[in-house]
Amino acid sequence: MSESIIFYTLALFLLGGASGMITARRTIFSAASFMLSMIALSGMFALLHQSFLFLAQLLVAVGAIITLSMLVIVSVNISERYIPKEPHLGRALLLGALIAAPIVALIVVALQAHFTASFAPVPEDFGTLASIGATLFSAWVLPFELISLLLLAALVGAVVISRKGERS
Amino acid sequence: MTPLHFLLLSALLFGIGLIGVIARRNLFVLYMSIELMLSAVGLMLATFSRLRGDEGGAVLSLLLIAIIAAEAAVFLAMIIALFRAGRSINAHDFTQLSQEQNA
Amino acid sequence: MSTAALIVTLGSVVLAALLALMMIPVLVWLERRVAGLIQDRVGPNRTNIMGFRLGGVIQSFADVIKLVFKEEYYPGHIKTGRALYMLAPAITFSAALLAFMTVPFADTLNIDGEALRIQALPVEYGILWYLAIGALGIIGVLFGGWLSHNKYSLLGTQRAGSMGLSYELPLGLAVVSMMLTYNTIDFNAMVAWQTQTVLGFLPAWGVVVQPLAFVLFSVALFAETNRAPFNVVEGESEIVSGHMTEFSAMKFALYFMGEYIAMNSAAAVIITMFFGGYQLPYLSTPELIESFGSLSIAFMVMTPLIIYCFIRWMRHNNDVRPSLSNDGGRRFEARVLSIVLLVKLVVLELIFAYFAFAQPSALQTQVAVAVMQIAVFVLKLMLFNIFFIVVRWTLPRFRFDQVQKLGWYYLLPLALLNIFITAIVIVGVGL
Amino acid sequence: MKIRVVERHGSALKDRLYLPAIWQGLKITATHLLKNVGDIKSVDVLEYPEEQPTDITSRYRGLHRLTQREDGSVRCVACYMCATACPAGCIFIEAAEREDGVDEKMPSRFAIDTLECVFCGYCVEACPCDAIRMDTGIFSLIGARREDFVLEKEQLLSHKGAFDE
């Protein structure tokens, strides 16, 4: 019961934050709403007994990514006139909703019709750092290494792209 | 509270992210919408992981968070570079692939 | 949930709240007093209630009352985003407060087969929780500073953001090497690990085992908590107050208190990870429980000595110069406090006598050991807070580019090197 | 002019490590701290409101005063020199004709807003008649309202010089 209440509260924050993000006209409010939904998402991970994912989401998505985005917003320091006006935002959102609705509706209908499974109890150490680590470094070690390469590439790419001066 | 709830939530989240990508022109919002879609996938993976009692899903979700971080680094660097080149963060100002025509 | 569990949980929450919130006035007072004494001044020592000044700690309560009742000034140039502007200090404050919540104050109690953690949040997330939640504090700074529409705030915000990001890395990497050493992220297990000895006689505290990690970790924490010598975020000689420039009254107080709570939790984490937490050196909890009777006898001898010295010190110092005829009630205060201390001494002696000579039950011994560990923890916490303060009044502020250079060029490679060395030692020695 | 090259410090390994220097600094501050915690009376300070400072010299710029002639009348001739010299603009003078034949002009009002005053002493320098001085040795002024800090002519005349001429 109490878990349901938590779930619906978190879902409210998650969806509210997400909708706030795409409707807000000022970038800072988009970022604030995005932060709200990311924190709610980490709460969802906690509800799913994924304790390490919960912490990783807080640490990376909220702590690092939001901070980085905010830092970019602050450092670029865009004055009001450079922010796109988007005069027909409502209409554009409606159009987007029209395009997105069939896809989402399809998933929702399919899920509701055919998906009846429910959660089974999981072992005590499910989702903890130790067990996730063991899985990561046994069955998933190749993807892990590839991701680390990707991260390195992204790091180098980010440095190269954002570097000042001539690129000839 | 069944897996269905989580999956529906993840679908809705993905839809909202999609709407953002289609409708908005602000590069920051575009970037956050893409992150949102990726996070929706992460939620789905975590749900299936919990449902099957298999930690592979959680690991995938974790790797996804790493990808989100990589994407954030590249995208934000791109925003800085684009703003420096065109004094704009309007996605519609960058319709040309070549640098000269944009500036 | 059994009654014992309920009591322990409630007690831990109350204790955490006390240690975090009631520590703020004490820390503010300590900061000013220690600064004064270092600079051969006296510091605030006159505010009193009915003549009781308690060394001047009443001053901070007066400060708090002043901040609460101060006029809430709202800058007129902030047109949009008022709600977020108001919320920003609260984000920083609550993040700092929450980060404190996984620090254990004593070892786990075993009552009726139930393991009860003396932590406000009885979870095993430990240091990861601290890293994850502690990093949220920067977001309140970023929102507040950006929404202030002030160039000083903007500069401070920029500095806060880039410093937060660059010092998160050495901090996290230092933690990784400690995680490799302890093989856990749980603070309780870390403290248990530290009751071993190395080389036969040194306590295996983190600072002995991993001195480099300790230096990196504490330097990064100084930067994360915006304490001197890394307080470039509010560098008052350059950018007024950074992100706090436009905040007043209670909104400012939230930022201010958030900083002190962050410093307090940083001290708590440092002592838990590197200085044996709540443990007395050489004594693990089972040993303590076993030999608490003989320890009590030692305490019975030591307590009067300590209290005697304290009373002498207080009588000597809670006084004015002989050139003044009126001492403003200080001698009276010292007399009353001495009586209070003597009564406390008698009570303590009775308690120790009970544990030394009567036959206390196992539960009583456990609780007594937990209380003792809490006392040890608070003592270490105070010492480390004073260390933070002394560092602030010793070192001049780094320039902002120096801060960045230190973080990226020195701390980050050193942290990586430390991880490699740790991993090689662990694999090679096979710990 | 001869150029003297000062050797840069801080390139030795010991300096670049920072930690020895930090340790030294901590040692100094901790010594002061422990000494003063142990014996607060060794701190050489004034118990201020009870003990008043005794080291105010005749060059100390305290609160202003208007000097008097031998007959006790105001020495000021309302020439506005001090008000002109004042960088803070805190001196307000209203001139009036002087009837007793000693001089031609005198101030009917002479006020100094001490909340504005920066105690620079330019008025004293500017005065051609040695009519305004800052040698009262008064270093604190207490008031409950803003008006209390605007010193009028009578108050300024009543201040006594604390030092010999």
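We call the chains A, B, C and D, going by the order they appear; numbering starts again at 1 in every chain.
We take it that a contact is a pair of C-beta atoms (placed from the backbone, for glycine too) under 8 Å apart; a residue touches a chain by one contact, two chains touch by 3 or more.
Quick caveat, the model's predicted, so the values are computed rather than measured.
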Inset, instruction - Could you tell me which two chains share the largest number of C-beta contact pairs? - result: A-B
Inset, instruction - Quick one: report the Å distance separating chain A from chain D, using the average Cα coordinate of each chain. - result: 62
Inset, instruction - Go ahead and note the Å separation of the Cα centroids belonging to chain C and chain D. - result: 43
Inset, instruction - Mind checking the centre-to-centre distance between chain B and chain C? Centres are C-alpha means, answer in whole Å. - result: 38
Legend entry - Separation of chain A from chain C, taking each centre as the mean of its C-alpha atoms, in whole Å: 33
Legend entry - Residues within chain A bordering two or more other chains: 52, 64, 68, 73, 75
Legend entry - Junction residues of chain D - those touching two or more other chains: none
Legend entry - Residues of chain B engaged with two or more neighbouring chains: none
Inset, instruction - Return all touching chain pairs. - result: A-B, A-C, C-D
Legend entry - Complex contacts: residues of chain B adjacent to chain A: 1-9, 11-26, 28-29, 31-33, 35-36, 39, 42-43, 46-47, 49-51, 53, 55-56, 58-63, 65-74, 76-81, 83-84, 87-92
Legend entry - Contact set on chain D toward chain C in their complex: 19, 22, 25-26, 28-30, 32-33, 36-41, 43-45, 47, 50-51
Legend entry - Residue ranges of chain A touching chain B (in the complex, touch as defined): 3-4, 7, 11, 14-15, 18-19, 21-22, 24, 27, 30-31, 34, 37-38, 41, 44-45, 47-50, 52-53, 56-57, 60-61, 64-65, 68-69, 72-73, 75-76, 78, 82-84, 86, 89, 92-93, 95-97, 99-101, 103-104, 107-108, 111-112, 115-120, 122-123, 126-127, 131-132, 135-136, 139-140, 143-144, 147, 150-151, 153-155, 157-159, 161-162, 164
Legend entry - Of chain C, residues touching chain A in the complex: 80-81, 84, 123-125, 128-129, 131-133, 135-136, 138-139, 142-143, 145-147, 154, 157-158, 161-162, 164-165, 168, 185
Inset, instruction - Could you please specify the touching residues of chain A with respect to chain C in the complex? - result: 26, 28-29, 32, 35, 51-52, 55, 58-59, 62-64, 66-68, 70-71, 73-75, 77, 128-129
